Structures are given as C-alpha cells and as structure tokens.
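Below is one structure. I have some questions about it.
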Amino acid sequence: MSDYLLETKGLTIQFGGHVAVSDVSFQIKRHTFTSIIGPNGAGKTTFFNLISGQLKPTAGQVIFQGRDITKMPVHQRTRLGLGRSFQLTNVFPNLSVLENVRVAVQAASGGGFRLFSHYKKFHRYEERAMELLTLAHLDGKEGHLAKHLSHGDKRKLEIAILLALEPDVLLLDEPTAGMSLEEVPQIIEVIRSLKDSGQHTVLLIEHKIDMVLGLSDALAVLFNGKLLAQGSPDEIMQNELVQSAYLGGLYDDAVNG
Amino acid sequence: MTTLLTVKGIQTFIGQYHILQGVDLEVEQGRVTLILGRNGAGKTTTLRSIMGLTPAKQGQIVFDGEEIQTLKPHLIAQKGIGYVPEDQGVFSDLTVEENMKLAIRKLDDATRARQDFVLDLFPDLKIAWKRKGGNLSGGQKQMLSIARAFVNDNRLLLIDEPSKGLAPIVVEKVMESILELKKRTTIVLVEQNFLMASGVGDDVFILDDGHTVYRGSMADVRSDEAVKKKYLGIGL
Amino acid sequence: MSLTVNLLLNGVALGMLIFLIAVGLTLIFGLMGVLNFAHGAIFAWGAYVGWAVYGATGSFILAILAGTATGFVLGFVMERFFIRPFYGNHVAQILLTLGLMIVLTEGIKIFFGPNILGFDKPELLQGVVTILQDPFPVYRIFTIGVGALVLIGVHYLLSRTKYGIIIRAGVQDPEMVQALGIDVRKVFALVFAFGAGLASFGAVIAGPSFGSLHPEIGMQNQLAAFIVIVIGGIGNFVGAAIGAVLVGITQTLMAYYLPEAALAVNVALMALVLILKPEGLFGLRR
Amino acid sequence: MRERIFNNKWLLAAVLVLLAILPFVGTSQFLMLMLIQVFILAVYGMSYDLLLGYTGIVSFGHAIFFGTGAYSVGILLTKMENPNLLFVAFLIAIVFSAVVALLLGVLSLRVKDVYFSMITLAFAELFFIVAEKWSSLTGGNDGIPYIRVPELFRERVSLYFIALGFLVVMFLFLRRVVDSPLGRVLQAIRENERRAESLGYNVLQYKLVSIVISGMVAAMAGGMWAVLQRYVSTTVFSLDQTISALLMTIIGGVGTLTGAILGAGVITFANEWLSSLASVHPIFERWLIFFGIIYIVIVMYFPKGIIGTIRDKWARSSERGKRDAAQTDQRGKSVL
Amino acid sequence: SSSSTGGSSESGSKDPIKVGVVTSKSGALEAYGMQEINGLNLGIKYATGGTNEVNGRKIEVLVEDDAGKPDEGIKKARKLLEEEKVDILQGSANSAVALALLPLAEEYKKVIIVDPAATDEITGKNFNKYVFRTGRNLSQDAATGAKYAVDTLGKKFFHLAPDYVFGKSSAAAWKAAIEKSGGSVVQEEFAPLNTQDFTPYLQKATQSGADVLIVTWAGAGGASLFKQINELKIAEKMKITTGIPDIAGIKAMGESAVGLTGMTAYYHGAAKNPENDWLVENHKKEFNGAPPDLFTAGGFTAGIAIVEAIKKANSTDSEKLIAALEGMSVKGAKGTYTFRKEDHQALQPMYIVKLEKKDGFDYLVPTLVKELSPEETAPPIQK
C-alpha cells in the first residue's frame, strides 16, 4: 500500500482544444494540510472536480486510499470520505439553513433510505446540525431559507455542510471568499482546528496568501493547468514566477514578513 | 465638489422582510465611496435598491439631481450607471463575446477603445472569448463581470466585492484601474478585502443591520481603531 | 427509384409543414423556455382567421396577413397579461396555458362553429407537377419554399441582431439583463408575440395543405411541434428544422413500408433520440 | 407554530369525521359517487405530487401507472372466474406497475428536465398505442365493459367507505414517505441534484425509489377506478389522464399532498357544476370555457396553488417575523 | 344494489316520463351529438302530435354531456338514473361511451336506445336485453356499400381506414360483406387517425392492383383525404367509394368530391316518406332553415320509437317496454325500422348516393342512386 492517502497520476482534462489540467501527478500524505495556489483559470477548481468526480479526466488516474477511483461516481467518492465545498455557492435554495446541514449529517450517517422512522426522531441529526451552524456563525439563522441568505452567509453554510459530512479529506475551494473581515479569522480557526485534530486531511484552494501561509504544511502551484511547483510554503514563496505572475506587489509584506 | 448620488433614508422590503431600514449615502463626483459592513448588513441590497432591482419602498434616491427610486432598472442603467453584482451575473449560456456584446450599450469608437482596455486588463477574457460564460473559472467570471461594467461610458459604477476570487496580482490590477477610472467616473464599492478597500477608497459608509451607522473619510476610518473594531471587527 | 424520390420529397414537404407549425414554438418554448400548451390554439386561430379572410376577400395574401396579425396580437396579449409573471415557472405555465388553450379553442367554436371547414388552395398554387412520373402537388413545393425562407429569416434575425442573446440571457437572469440597460420585458413581449405570429403565419400556410380545419387542429399539431423541437435540441433553431424534416421523412417512409407502426413514429423517434442523445440531436449538454 | 400545527391536525380530523357521517345523513347516491371519484383521484394526484412536488421531476407519463393499474385490475377481474379474488388482482397490478415504473425510470431518468418530461410523454403515448392495438385484450378505444366486482364494491355506501379508507391510508403512507429521511433526500434532490450527489446520495437510486412508490400508488388508484367504473378503455393511458394529475396537484398546491386532495375535489365538482349549468342558460353551452377561466384565475390569484398560497398568506399575516415565515415558506414541510 | 323503481309505473301516474340522454355536447363529436338531440326532440314531438305527452304524461328529455369520454358518460348516466330517476336512456355519439353505458342499463334495469354509435359490439358481443338500437351498425354500412360496389364498381378492393378499433371493425365488416357479394379485398391499410399526408397510402392503393378504393374515415381527416385523392388524380387509376359524411363534412370536401359515390345512412333529400317530410319541414322551421343532417334521422326515429313503445306497453316499466320493442316496427325518417328480436338491432333502409353539384347549394348534394331495403342490408347476428 502506498504512503499516500490521495494521489493523482498524469491527470489531464481537455475541453475542446483547451487543456485545463495537464498531466498533473500529485501526492498527499494522510493528515496533512496542503494548499493549491495559482492564477485565475489555472485549473485549480477543475482539478478538484476531477478528484471529487464532477468531471471525468481525459487521461490519468485518481487514487484514493490505494484504490483507483477514476471512474467512480461522485456519490461513492463522498461515501469513501472525499468531501468538498464549492467555489460558487451551491446549496439547497428552498430548504431551511438547518435542513441544508441536517440532510448532510444524515448523508454521513447513511440513513437515507429509511422510510419508516419519522425524521423528527432523528434528533441527533438536528442537534449535530445546530452545533455545526453555531460553529459556522449561522446560529439564529437556522430557520431562514438558504436562498434568502446574504452572500457571505451562504459561504458559511457551504462550510457547515462540508463539515457535516465528516470527510477524511476536505477539499475547500476558496471557503472564505466574500466573508466579512471579522469572521474570516474565526472560520480560519475552524479550519485550523480540523488540521490540529490530526483526524483530517485538508486540500485548500485560496487566493488569500497570508491565510495559506499560516495554515499549510505544503503548497502546490498550478499554472496553465500544469503543476508548476510543490513544496514548503517558504520554498514556494521564493519562486520567481509565483512572485511576478501570481502575487504581484500587493502581498510583498505577507511574503517577506 | 458635487454630489452625484444621494440616498436618503431608504427602506427596502424583500417579500415580507424589512431589509433596509434607513440607509443614507452621499456619493461625491469623481471619488470612490466605500460601503462596508458585516455579512448580511444590507450592502448588496443597498446597491440593488439604487439599481431598482429591489426598489426602495420609502426614501429617496437622487442621481444627478433626478429622483430615480421609482424608475425601472433598465432606465436607471441607461442613465449611465454600471453594476457589478456580487454573484457576477454572468450569463452561462452565452459566450464571453456574447456577454460583452449584450453589455455594450452603444458600439462606437470610444467603446471599442474601452473594450481594448478591459481586454488588456484581463487577458484571460481574450483567451476565453469563445467560451461559454458558464465554463469560466470563478475568477474569470469576476473579470467578465467587471469588464461588462467598465466597457460602457458610465457615470457611476456600483461594484459589489470585485476582489472576491481574484488572484492577488489581478486584484492589484483592478485596484489600479479603479484609480484610473476615478478620473472620468464615480465609483461606489462594496468590499470585504480591507487591504484593497483602503487602497482605493475615499469616503466610507458603514452599514449594520440595514442602517447607515457610520460615515467618514477613509483616512478617518484607517485611524479610528474604535470604529474598525466595532463595525468591521478588525482589531489590529 | 421514382417511388423513393417521391416519398422523400413528400417527407421533406411534410417536414417543412411541421417546421412551419413548430417555428413559433422554437422561440417561445425553445428559447424563452415557456411550456406553452396554448400554442396550438394560437395556430388554430391563425388558420381560422386566415380562412375567413380568404373566404371573404378571395385574397390569399390578405389571408396570410390577417392570420399572422391575429397570432401576433393574441401572443402579445397573452404575454402581457398572463405569462409575464411566470417565466421560469413551468408549473404555473402548464396550468395557465392549459386554461388559455381551453378558452381559445372554445372561442373558435363560438365564432366559427364546431364543424369541419374546407380550406381550398389559392388558384395559383393548385395542381401538380410531374416529378419522375409521379404527380407532386405544387402547393407542397410552395410549402418547402416558404419553410426555407422562414428558416433563413428567423435565423438571420437571431444571429445578426441582439434579440437572440437577449432572450437567452433573459431566460437565465432577467434582472441582470435589465441592469445592463435593456428593457427585457419589452423584448420578451415582442418575441413572444412574434413567435405567436409565426405560428399563425404557419397556420395560414398549412391550412390549404391540410385542406380542412377543425377546432382541435392546433392541439393535433402541437405535439408534433414539441417533438421536433425536442428532437432537434431545445433552443437550437436549425436543429428544430432538421428535426422536423427528419420526422416528416420518417413518417412518410414508415407509412409506406411499415404502416403498422406509423401511429407510433413520432413518439418512438423522440424516445429513441433522447435515449441515445439525452439533449436532443443538436442540443447542448448542460 | 405549534398551535397552528395542532389546529390543522384537528381540521383534517374534523373533515374526516364529517365525511364519515355523510352517508348517514341522507346524502344522495350521486353525491357519494362524486366523492368516491374525488377520493380515488386524490390518491392519484398525491402520487403525482410525490414526483412533482417532492422530487422535482415533471413527468408527462403518469397515466402509464394509472392505466397499468386500471387495466391489470380490469382485465384480471374479467378473466378470473371469482370476483372476490379482487385482492389478487390488485396485488398483481401493484407488482406489475412497480416493474413498469422501474423500467421506465431506468430508461428515462438519465434524461433531464423538459427532456425527461418529453420522454415520459413518449412512453405514455406508446402505452396508449399498445393498448389501442392490442384490442383483443383491451378492447382498444371501445374498452372493456361488464367488469365484475365483489358485491361490497358495488354497493355505494360500502364502496364509499372503502374509497375513503383508501384515501386516508394512502395519505398517511405518503406523508410518512415525504417526512421520512428518504423524503427529505428527495426534497434535497429537488432543490439541487448535483449537490445532493456530492453529499453522497445516489440520486438515480433515490429517484427510482420515488418513481416506483409513486407508480405503485397511482396504479392502486387506477385499480380502484376500474372497480368503481367497472369499465376500462384506452383513455386511462391518455395524455388527458396525466394532465388531470398535473392539474389536481398544481391547483391544490405543489408539494403539499393535501393540495392534491383539494385539487381533485375542485376539478370533479367544478366539472359537474359547470357542465350542468349548460341546461340553465345557453351562455353555458360552451361551459368548458369557464373551466379554462378557472385555471387562469387560480394561477393569477393562487400562484402556489390553493393550499400553497393560503399557507403563505397565513404565515405572512401571523407576522411572527422572519424566521417563522421562512420555515412555512419551505415547500417540503407538511401543514400537519 | 342501487337500482331504483322510482318513475316506472302504472298508466295512472301523472309524473312526467323522463328520457335521459348521454351524448357529446362538447369534444370531437359535438356536432353529431347535437344532431342526435335535435332529432330526438323532434321525434318525440312528432310521435305525440306536438303535445310531448303520452298516456297523459309529459315526456321530459334530460341531456347530459359526456364530452366524448366513457368515464364521464358513466358518471352522467348514473346521475340521470339515480338523481333524475329517468325511465329510459338514450345515447350516444361515441361508441366507447355507448358501450360503457350498456352495463348500467342492465344494472338499473332501464332500456337504452342507442343512436348514433355504430360499433357492432353494442348489439353484438356486449349485448344485453335492455339494449336497442335505432342507429345502423357498421355491418349495415358495409353491407350497403359492399353490395353496390361489387355489383357496379369492381371486384378487387383496397380498403383505407383509420388505425383504431373503429377502422378495424369497419374493415372486417366490409371484408365480410364484400366476400359475401362475390368480391375480394386485396389489401387493407390503416393510417393514424391524425394523418395529414395520405400520399404513401394512396400510392399503395394505386399499386395494389385493386379496382376500387374504399375509404372509411371518420372525423376531420376525411376532407383532407379526399382533397389529396383529387389532387393526386387517384380517380383516374381506380374507382373510389366511401361512407358519405354529414353536410359539414361534404362541405369541407369542397369541389374535390364531385361524382363520388358511396353509401350513407341518411340524407334528407334521399328519403321519401311523410315522416321525413315532416322532419325536414319542422327542422328547417326550428333551426334557421337548416335541414336535418346525417344523425338527426336516428335521433328522430329513436324519439318515435320511445313514444310508440310506451304507447304499446301502456307503461314505462322496463320489462313491458322490452316486450313491446322486440320485433316492433316503427315508421321513422327513412321509412320502416324493425327491431330484430334476436339482437334488438333496427333493420332499416340504407342509401347509395352520388355527390353532385347543384344550384342553390353551397355543398355537393348527395343524390339518390339506390335505396337498399332493410332486408338487403341486414347484418349478421353477432351476439
């Protein structure tokens, strides 16, 4: 068995003539925190989509826990322990905030096909969902329909849903984009606690470089669909190309400080 | 200094919910006015009310001396107000080209020049010109949305969280272009990225729970730790 | 050989006729996404008014104009007062347009009676030409020609003007289109009315080809219209035309070679296409 | 909130009691007949609501199940020597329709949205055509008259109670389904299929379960219909039959179950009332037009159906603030 | 069960006699339904000498709309039987509805006079003793048309009919009748009822080697079909015969059907008898000068039969009515109708007509070619 929890081999996907992810071979060790950075359109989200199964690669493999899951449908991957959040908010609009999370908790406990136990009996689910909403700073809004939430609140709901799945691997796609200033640190704390728990493996896409540096054990850089570099945060920050083509001048302080 | 846009005590309802309960803004010509506040404070709803998308039930919105709170959105837009919504509002079935074509109000030389300018600003769009809006990356959608607003000769731009999803270097470019645009147009900006906001903002309004709770200059806010802590949760 | 050619030509003519019926629906259903069960009733109104004007004036041109105008006005009123609040709401559209369908169909019975009416071809277009020994009606040639013209015209309108993209955008997010300074409601009203006008235009052309009218004539043809749009791929205008011709040819060939199955041709073809290609022949995978 | 829930339960119970004593207070045979029709059609409507309102799929082929049930029961009762084997006929009808539903689901569920609607419509047409062509078995358009049923099912009062019981049992069953964990997943699928998938739910399987349950319930309603009419013809497979399910559900309110019951009542009684007006005044000769107008008025003034809209209004007028309103806004939640 | 005894009673009663009609007042066969109803009312009026009373009791006609749907028809019939306690049923325009009503007649023990529904099954496989039919059935149609066609048009036939039970039964009836008369059917083709382009079928007909094309078509497509037959000049290649439709149908065929010969159950100008004269006169008087149409005659005769049966039985009791009706002859719009004892089917005169242009008519006028006697067109007993 390999040392890696999650591994991609020569992963490639092509849309028409455009190669969005190109021959990416990438390994992640159990219980590590890896961040993926790269310019807009570099293929980060597409790479996630390939891992979580939303897209099927034109070439290459995805290996999870030593199993080739390249052809596995989305829902099975989730059951295996691969959970993800979405860059563009993706919730159940006409269900209450609580129900959004509750249905995720239910999914994690595998209780979907039960017909003859009234859902109200699933108090456990509801309690767990409330805990998660509190964690994501959505307590007090559990009765709202998800579509009525403000943008930032939807992002929090997105995270709560992901946490509800209790996945081994969390794929987080810009979780804090649009979240308000004061709450970003709190959400970061939640993510950090996942890392610190030593139970989870986290893969994070994020443009907020200071956040990435503070959290990550390792960094990977995607550029034009290719895996440009992989290494410790310090190593990557020294990379010329990353400096000039991705960061620009704005984050000089973050990098140097 | 002239005031281009005045928002006076607007109250907005969505369905039965009372969302804005008295929002005031004064937007000076040629300046960047920031609207800040927590998630759910009502920033987006304020911009939508100005655009006429969620019309204000009470209060006044005066643009260039004319009350516009009762006008339909397309008429408001035709007055020269551009809008970058927080969810990008990119049409996923249309190509980037068609998205741009739809946005362009009048195709003249000046517009073509502005189109060249935005395509230089966001070369990604040039590459993705024939791609469907729905297939763009998150950041590319954000670029397209900004580009659609920049391409017209607008007198006022309402921009809702432009930095969201953009790579740092692009954020920087957007900031620069905003500073550049400021010379010919007026900008109202909602932004959570304080680094960016403080880099371009002139005046600041802070909303909380559907009310305007603070107004001042950027310099004031930057130096006023109490305000920052109370409304923005930044304890530096 | 001559038989096959003749059958194929008939198939194409039938296909073009179906296309003329479907063309308005490609705008209203295909592009605007309105599940319009009253489309057939508008078609029928066009045919009946065309018939009446033709009978009264003897001018087929006037009949076409009057019929088309009827559909246009009906469509405009329908959009303005009924459909407008319910874009994107299929459930409401179903109930609403079924209601309108009943009202319009019963209206025909009130104004024109429930009986079958004969619709004769204009003198100029009567008769047959001989193609490879077999007679082929002139009117079918006319139908093919008109169908082709409409195809080109509408295609031009959609691809060379902003209307096509405004509708496609407006269906997804009408608010944003408005925020770009476009009066999306006006455009929708116009396009809806235009689609209805096309339906009634097609009806006046189709009337003499059928030779007779009855109040349910719209309902009878509506299903075929939906079918060709779905086969062609919803929203794909040219696809609908190809779908229509495909249906026409298949129908004709089946009627000759396998008449036992003729009854099932349309729906079986649609089911087959969808099973093999779930988004229709030229539809986009969403 | 609690109070309202409580009230509604009592309201429904009161209606039930009322219906139960109706046959004993000199109610006419014909009114009972109409109510029996309403009860049976209500079950058919509710079965459709499971698909439309709770799973979010618009099927134009629901008549397939109603028709399968009606024909299975009708043909078996005609072929079987002993009409008391009715239950066997029903059992076979249910099993058969479950198989049909499964096959139909497997074939058509890979197709999405309106395309799904159209492919189900195509299958329904094919069923209709088969029933028409296989006239040695089905009588085609002329139908099967003289279906024999047990005495208990001929007698109006006993049939009334059987139908009422059928409705109550099916209502409780379907309510249990939509409020079960399974039902909640269906609603999540309705809201956002892709997301439900990424939560680990096998969407296709859930939709299949939904279609099969819905199909079996619809088939039972069809079987009851055959028993009531003692006649079956191809109309049970017609598009009209599907549309009637659609209409009942939409008129009452999509995603409410009780709405379908109300919808069945509205349609049945409006139909009877309007068509009998024709003899009152010639203006009603074209009485169908008023039917059309009713649909239009309902959409314009009750955009979420009668029950759906009233429930909304209720929530709004109670002014319990945002949270409460939001909760009642949630379509999936039953009034009970 | 719920059968009632309400209105059936002794001659002393002054309660009105109720005739319940279930037929199409809406839907595809609306026009036929209206002809039937108008005929029925006139028939009762005629047979009662304008009083609408028999044995001192008023006759009330209660009409319910079945919209062409059997389920609706069943409900309406039950309403008439249970609420209105009608003494006798009459209907309907749609064969399926009529078939659905037969068991109800038996269950409630009420006589039903069927007209104009034509399917053989009504007095055949699905017969019960309460069922009588004034209308002709498909076999009578076929016997009429076939005999004439084999005698005068040719020996080899091609049959085009709509692809559903009606078309199939018609084809079978024609086939039997043609073979009986010494001809043969070389090919039968069934096209979908909503066919709009008949070219492929017509091509087959011309290639089949048959001398005669029989067209059986009910409903809207008929007019289109004849226009296409005309356009494609089929008549130059073979003879054509058909069942001539009602006036609206002929009108819709336009000029294309000039000279077409075929059978018909009734045309007001073809029948020569006092009953018909009265019918034509009074129909015109009552309906703006419109003459009685194809199915007015059947309704008229049904009305007369109802009155005559009640007179003869001196009761509305069903058993007595049955006894009175069995074997009874009535004089109706076409002359003498006789309810055959075995299957209660009324044998009646039938017509062969030719469509001709005539001044003063805006449609091609069916002119009598030949009248066939009731015996000549008697269908086989099929029950």
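Going by the order they are written in, the chains are A, B, C, D and E; count residues from 1 in each one.
Throughout what follows, a residue touches a chain if its C-beta (ideal position, glycine included) is under 8 Å from a C-beta of that chain, and two chains touch if they have at least 3 such contacts.
For clarity, every value in this text was computed on a predicted model and none was experimentally measured.
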- line: Shared touching partners of chain D and chain E are C
Field: From chain A, the most remote chain by mean C-alpha position
entry: E
Statement: In terms of mean CA position, the chain most removed from chain D is B
- line: Note: chain C sits from chain A at a C-alpha centroid distance in Å of 48
Query: Taking each chain's centre as the mean of its CA atoms, how far is chain A from chain B in angstrom?
result: 28
Inter-centroid spacing, chain E versus chain A (mean Cα positions, whole Å): 75
- prompt: How big is the gap, in whole Å, between where the Cα atoms of chain B centre and where those of chain C centre?
  reply: 44
Message: By the touch rule stated above, which residues of chain A touch at least two different other chains?
response: 148
Task: Could you tell me which residues belong to chain B and also touch two or more other chains?
output: 17
Task: Please set out, as single numbers or ranges, the residues of chain E touching at least two other chains.
output: 163
Query: Which bits of chain C are touching chain D when the two form their complex?
result: 35, 82, 85-86, 89-92, 94-96, 98-103, 105-107, 109-110, 226-227, 230, 234, 263-264, 267-268, 270-271, 274-275, 278-280, 283, 286
Task: Spell out the residues on chain D that touch chain A in their complex, using ranges where they run on.
output: 176-177, 179-185, 187-188, 191-192, 194-203, 206, 209, 322-324, 326-327, 329-332
Field: In the complex, chain D residues that touch chain C
entry: 52, 58, 107-108, 110-112, 114-115, 118-119, 121-123, 125-126, 129, 132-133, 243, 246-247, 250-251, 254, 286, 288-289, 291-296, 298-300, 303
Task: Would you pull the chain B residues touching chain C in the complex into a rising list?
output: 51-53, 72-74, 77-78, 83, 85, 89, 91-94, 98-99, 101-103, 105, 148, 152
- request: Would you mind writing out the residues of chain A in touch with chain D in their complex?
  value: 52, 54, 73-76, 78-79, 84, 86, 90-96, 99, 102-104, 106-108, 111-120, 122, 141, 143-145, 148, 161, 165
